[in-house]
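In what comes next, subunit A is part of two complexes: it sits with subunit B in the first one and with subunit C in the second one.
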Partner chain A sequence: MNSVAVEMRDVSKVFGPVKALNQASLTIEYGTIHGVVGQNGAGKSTIIKVLAGIYRHDEGSIFVEGKELKSITPKIIEKCGIHFIHQDRLLVSTATVAEAIFLRNEPTFGPFINHRKMNAQATELLQRYFDLELDPTTLITDLSTAQQKIVQITRSLSQNAKVLVLDEPTAALVTKEVESLFTVLRRLKEEGIAIVFISHYMSEIESICDTVTVLRNGENVGQVSPKEVGIEKIVTMMTNRDTSEMYPRRNVEVGAPVLEVDNLSLASHFDSVSFQVGAGEVVGLAGLLGSGDKEVLQSLFGLLPPDSGTVSIDGTSHKFRSPVNAVENGIAMIPEDRRAHGVAVNLSIAENITLASVDKISKRGFVNRQEEIESVDALIEELGVKTPSGDMLVRNLSGGNQQKVVVAKWLSCDSRVYLLDEPTVAVDVGSKIEIYGLINRLAAEGKGIVFVSSDFEELAEMCDRVLVIYKGEIIGEYEGSSINSEQLLAAASGKKITINRSAV
Partner chain B sequence: MKLQLFKSDMNSNGYTLQKMAIRLGAFAAFLGIMVFFAVTARGFTTSYNILNIIEQSTILGFLAFGITVVFIGTGTDVQKGGIDLSIAANAGLCAAVYAVLLERGYGDSLAIPAAIATGLCVGFLNGFAVVTLRIMPLLSTLAVMNIAAGLELAVTQNTVIGAASPLLDTLAFGKFLGISALAWCLIIGAALMVAIVHYSPVGLRLYSVGGNVEAAKSVGIYAGRYVYGSYLFSGFAAGAASILIVARLSASTPGTGLLLLPVLAAALLGAVFSRRFVPTIGGTLLAVLFIGALSNGFQLLGISSYWVSGVQGALILVVVAVTSFAKKS
Partner chain C sequence: MTVNNKTLTPKMSLESMSHKAVYVAFIGVFILFSMTAEGFLNFDNFSNLIANKVVLLAIVALGMTIVIAAGGIDLSVGVSIDLASMAFIMMIGAGHNGVFAVIVAILVAACVGLTNSLLINKLKIDPFLATLGVLFIGKSVQQLATSGGVPIYLTKSEFAAPFEAITRTSLFGIPTPFLVLVACVIAVYLALHRGKFGRYVSALGAQPGVAKYSGIRVPFQLTLVFVSCSVLCGISGVLLSSTVRSYVPLAGDAFLLDAIGATFIGTAISKERKPSVFGTILGVLFLAMLRNGLLLLGLNFFWQQVGIGLLVFIVLGLSFGLRKRAE
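Right, the complex of A and B next:
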């Protein structure tokens, strides 16, 4: 039974100066569930996109059932029976279950769709593979997330899929739904289908995968069986301990609380979140995709008003119904998607920087240009934004420099609390270090800082304290020098484990 | 062993109930207004008047089918999706072309293809602006509307152009099984549309392009072609409607562009009648009859026709507000 379905051998892929994949290999057998794990940027999604025919690999070879594929396009791959279930549920919400399953393969009667046959076949497929009784005329929008996943899988099976690649299939599922999805996957495995399972959740990898390929920095670190080696070993394989000079140190005495969050709740995002941030303290929120970490931040900034709970700044409690409200009361946010939320790319650096503090430099309703130029020039120099002048359009700056402009924008308005959402995402190493320096400077000025990042190493190194958030609840707190990224990753994956220090 | 799957969204029940209430409300409003007119407006329920409403609705219906197809293929969200504001002006231009050719002595065999081709050209222009040039549909079709309206004036010199042909006579005065030719046009047109939109693979794919472009592309549907196609169809519908317009008035007259408001109102209102809150042919047909009855009832009650367009405008606002409210999850 266990014959090789897909083999990717020594595959490399280069994006500009970055080696996203460096001679990575992946061997998938029929009748098994194969996990692919790695930290962000380890090359998980790149290797999957190469297999899907979305990226062309620069080196290496790919075999399907022993035959080498010379050219790979999404169509060829689908003909080989390899199907991808994407993380975002690509379904038409106003379609019915049967329509979603058979779109573009509709059973027809003359020139018309044979609705009766289509519905009957959909019912039969759902029954056969999943023992699931679902009215095929139900609308997709009325299905649960797990049911939508199952509809996507059924669609692939209806086209005789032999290999199913699931990208973070459980990201939006609640525990019960995860259980039922796993039942489905085990059943498919018994039918001889090969399943590739990509997930951040270590506990899930352990409970469902037969073999796991671990990637780090685009390279294979090994293929292991999670039942034999255990999750601790896999986590150690994933994380890289070489952190050396990346993180500048700071020496700040933590003062009285600036931000106090008490029992903050928002339905279906997070529940009873409480924590404090002292003056000069950097507090990290570590959570995996969909854990609610970003939503907490957005709630604090008034973007997602919470259902209940209080937020106090310097001891005064506030209810933020909008970002304007939050800014007025001393909260600043550096959002993840800087192009969408952080900078106005078609304005100049100077205009961007003074956007949030325009009242401070205005007199009788007019902007004082002289003052704008002076304060901006000082900030540009201080932050090391690489630009000939403050008049340059932000659009023309690199990602790292754009991010610095966002930071400068908030520095100029002198807030009490800074919320940082992935401040170093898609930023080169040099700029990262400068942004870390800025964070330290904010701390030195006695600000409270809340830091969300999916780079747990960064959190471990930069934060005084890290709160681990899992499925909307804070489940752990780590302090001081005892924080390490393996611990955080394991905890955020919902796995209570002790790290074997000698293995590191 | 049974799989246990739960709808994770806890508000879903209230949400479906809300949708249901809106749909039932729409039907109730429709019936209520019909009953109101039947009671208060004299002659509203006579067979002559009802036939009159249907005949009036034919032209509206053809145009509304055109816009409905655009709505289906370009996103059921009216504000972010596509729209064809040029359709009524396009019909006016087609009618002008048709009438002028007949007046110059060319027969139907040339004039009809010419009218349809004119409609398709305008439709293509819309598709080009929206798909190829990626101009916002609200703006691009507004611009095309003005082009079409300008051309119509150039062709007709802003005058009434009388037209006559055997076909026009049949359309205007013909009867079959006691039902007038125009009414038959609506019945046959609607049946064809239902077959294509609701029973053919093309229809399903068109819905999927409008419903979720990424999902449609991910199964290998060429989304752009479908959007182009919907604008071409809308142009075709304008061409077909223009012949009925000329038949009904025995002439091409200025002012066809004013049909845009009721057509738009009908196509938008139609979505409220469907289970999925998407535009459907049946829903549009119902909405067209509703709008036809509304202006007819107002006429019978002696209310100035100026009010009718106000009511139609208000209707658009209400429908768009309600549907976008209902869609918000």
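Right, the complex of A and C next:
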């Protein structure tokens, strides 16, 4: 039974200066569940998109059942029986179960869809594969997320899928639904189907995968069996790399608390979150997708007003109902989606920098251009934004330099507390190092910094303290130089493992 | 600069040409009409053109410029014009003081803008649909108030004083409406291009999410945007009804498309295609000149529209096409 379904050999893919994949390989056998793990930016999604025919690889070769595929398009791949279940559900919500399963393959009677036959076939398929009694005329919107996943899988099976690729299939599922999905996957495995399972939940990888391919920085660092080597070893493989050059050191004495969060709660997002951030301190919030880490930041910035709890800045307590209050009281946000929330790319650097602090350079409603140019030039110089002048459009800057403009915006209005939401997402390594330098500079100026990132290595290296948040609660706190990304990842996955941690 | 000159020259010239295409077209059309259309190149024609066509449209288009710069659109400019005009004529007809009538008219117009901004801020309706709804309702309100659209004429001499005060009085021989336009141009220019307000407007127009995440009072700024547009329309409505000494229901509708057109023609002069006061005024002049010239050439009304459409395509196609090449 264990014959090779798909083999990707020495695949490389370059995006501009970034090597997303560097001679990565992936071998998938029939009748197995194969995990693909790696940190953000490790190349997980790139390798999957290459296989799906969405990206064209620059080097390497791809074999399906031993035959090399010369050209790869989504259509050819589907013909080979390789199907993808993407993270965001791609079912038409107003369709019925049967319509969703047979979309574009409807059984017909002349020019008409044979609804009776279609419904009967849908019922049969659902029963045969999943033992599932589901009325085929139910609307997709009325299904649970897990049921929708099953409908998607059924759709693939109805088209004779031999390889199923599931990208983060459990991200929106509750524990019970995960169990039922796993039962389905195990049953499909028994039928000889090859399943590729992409997840960052280590406990799930351990419980369902037969083999795991570990990617790191676009290279694969090994193919192992999680049952043999254990999850700790896999996590080490994912994170271990030479970090000495990436993360500049800082030497800042942490001062009095600038931000105090006490029992902050927001229904269905987070509960009783309390922590303090001192002047010059960088505090990380480590959580997986949906853990509530981002929502905490958004509450602190007034975007999601909390139900209860208090937030104090420099000892004065505040209730932030909107970003307007938050900004006025010295809170700054470096948002994750830079182009939507961070910088207006079609405005000039100067206009972006002074956007939150126009009051300071205005008199009776008029902007003092001279004063603006002086302060903008000073900030451009100080942060090293690479531009000939502040009148250039932000669009012309690199990601890292755009991020500097966001920081400059907050420096120009003397913000006390900086909320960083994935500040290094989608920038190249060089820019990352520059952004880390910026963080250190902010700390040196006595700002309080809250740092949310899904790159736990970055958190471990850059933070004085890291709080682990799981299902909306802070479940652990790690301090000092002993923080390492393995324990953060393990803790954030809800997996209790004991490596000599320095929990408080 | 001198160092880079050589490499930049071909690109720069194409790009600068694309900015200048509007001016070139403007001057070209002007020369064309001067040679072909009898009575075009004539002081009386121009002053008549400016007094009757340019001033009213320009003030409305300034309001539209603010809204479009903030990333919105106001389809209800006609309602603001008409309701202000209606209020003004009714107040004068009832024997009220002229200044008081003007104030009431402008306040009525401001209420239209306030309604728009409430719909946009509170009900989160897209500006296009919010102002479209107000346009429909505003039309009906006028028809209901005038028993199906019967104009109100105040041609009797007892009403003449306030109208004359607005239309005839002149400083150094310049008619008051023109002075009002100049005042509006200066005010909008200062607010949009020199003021804090303009910064918020362009942030909203460029990327509303960034404005929100920078702690800007987005709903308040949007209210200012829509109310100032309606107030400008109200001013135009008062001038309109003073000129014709009457209120003609739905007369303001005619301004909507020209105001939008002038604003977008005006974006062709800026590198970032941003609406600007100067560009809009140029757009208004361009449209007025085209209408006037084609009329004087003896083209009938229906062919005038075809002519205007074609000329707008040529000008904008030229300027944006060249820019694309340059990029």
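Worth a mention:
Following the convention adopted for this analysis, the second predicted complex is superposed on the first by the 490 of 504 C-alpha atoms of A that agree within 3 Å, B and C clash if a C-alpha of one lies under 4 Å from a C-alpha of the other, contacts with A are read in each partner's own complex, and residues count from 1 in each chain.
The criterion applied here is as follows: a residue touches a chain if its C-beta (ideal position, glycine included) is under 8 Å from a C-beta of that chain, and two chains touch if they have at least 3 such contacts.
None of these values were measured; they are calculated from a predicted model.
In the superposition on chain A, A:Q276 contacts neither subunit B nor subunit C.
Judged by the touch definition given at the top, the superposed model places A:K409 against subunit C, while subunit B stays out of reach. After overlaying the two complexes on the shared chain, residue contacts for A:L91 are found with subunit B alone; subunit C is out of touch. By the document's definition of touching, of the two partners only subunit B reaches A:L132; subunit C does not.
By the touch criterion defined above, A:T354 reaches subunit C but does not reach subunit B.
Shared-chain residue A:T145: touches subunit B; no touch with subunit C. Greater residue coverage of subunit A by touch, when subunit B is weighed against subunit C, goes to B. Contacts of A:V324 after superposition: subunit C is touched, whereas subunit B is not reached. Of all residues in subunit C, those touching subunit A in their complex are 190-191, 194-200, 202-203, 206-207, 209-217, 272.
Those residues of subunit B that touch subunit A in the shared complex are 1-10, 12, 16, 76, 195, 199-201, 204-205, 207-208, 211-212, 214-216, 218-221, 275-278. Residue ranges on subunit A touching subunit B, taken from their complex, read 75, 86, 88, 90-95, 99, 103-104, 106, 108, 111-113, 115, 130-132, 139, 142-147, 150, 172-174, 176-177, 179-180, 183-184, 267-268.
Contacts from subunit A toward subunit C in the complex involve residues 301, 323-324, 326-328, 333, 335, 337, 339-347, 351-352, 354-356, 358-359, 362, 365-367, 393, 409.
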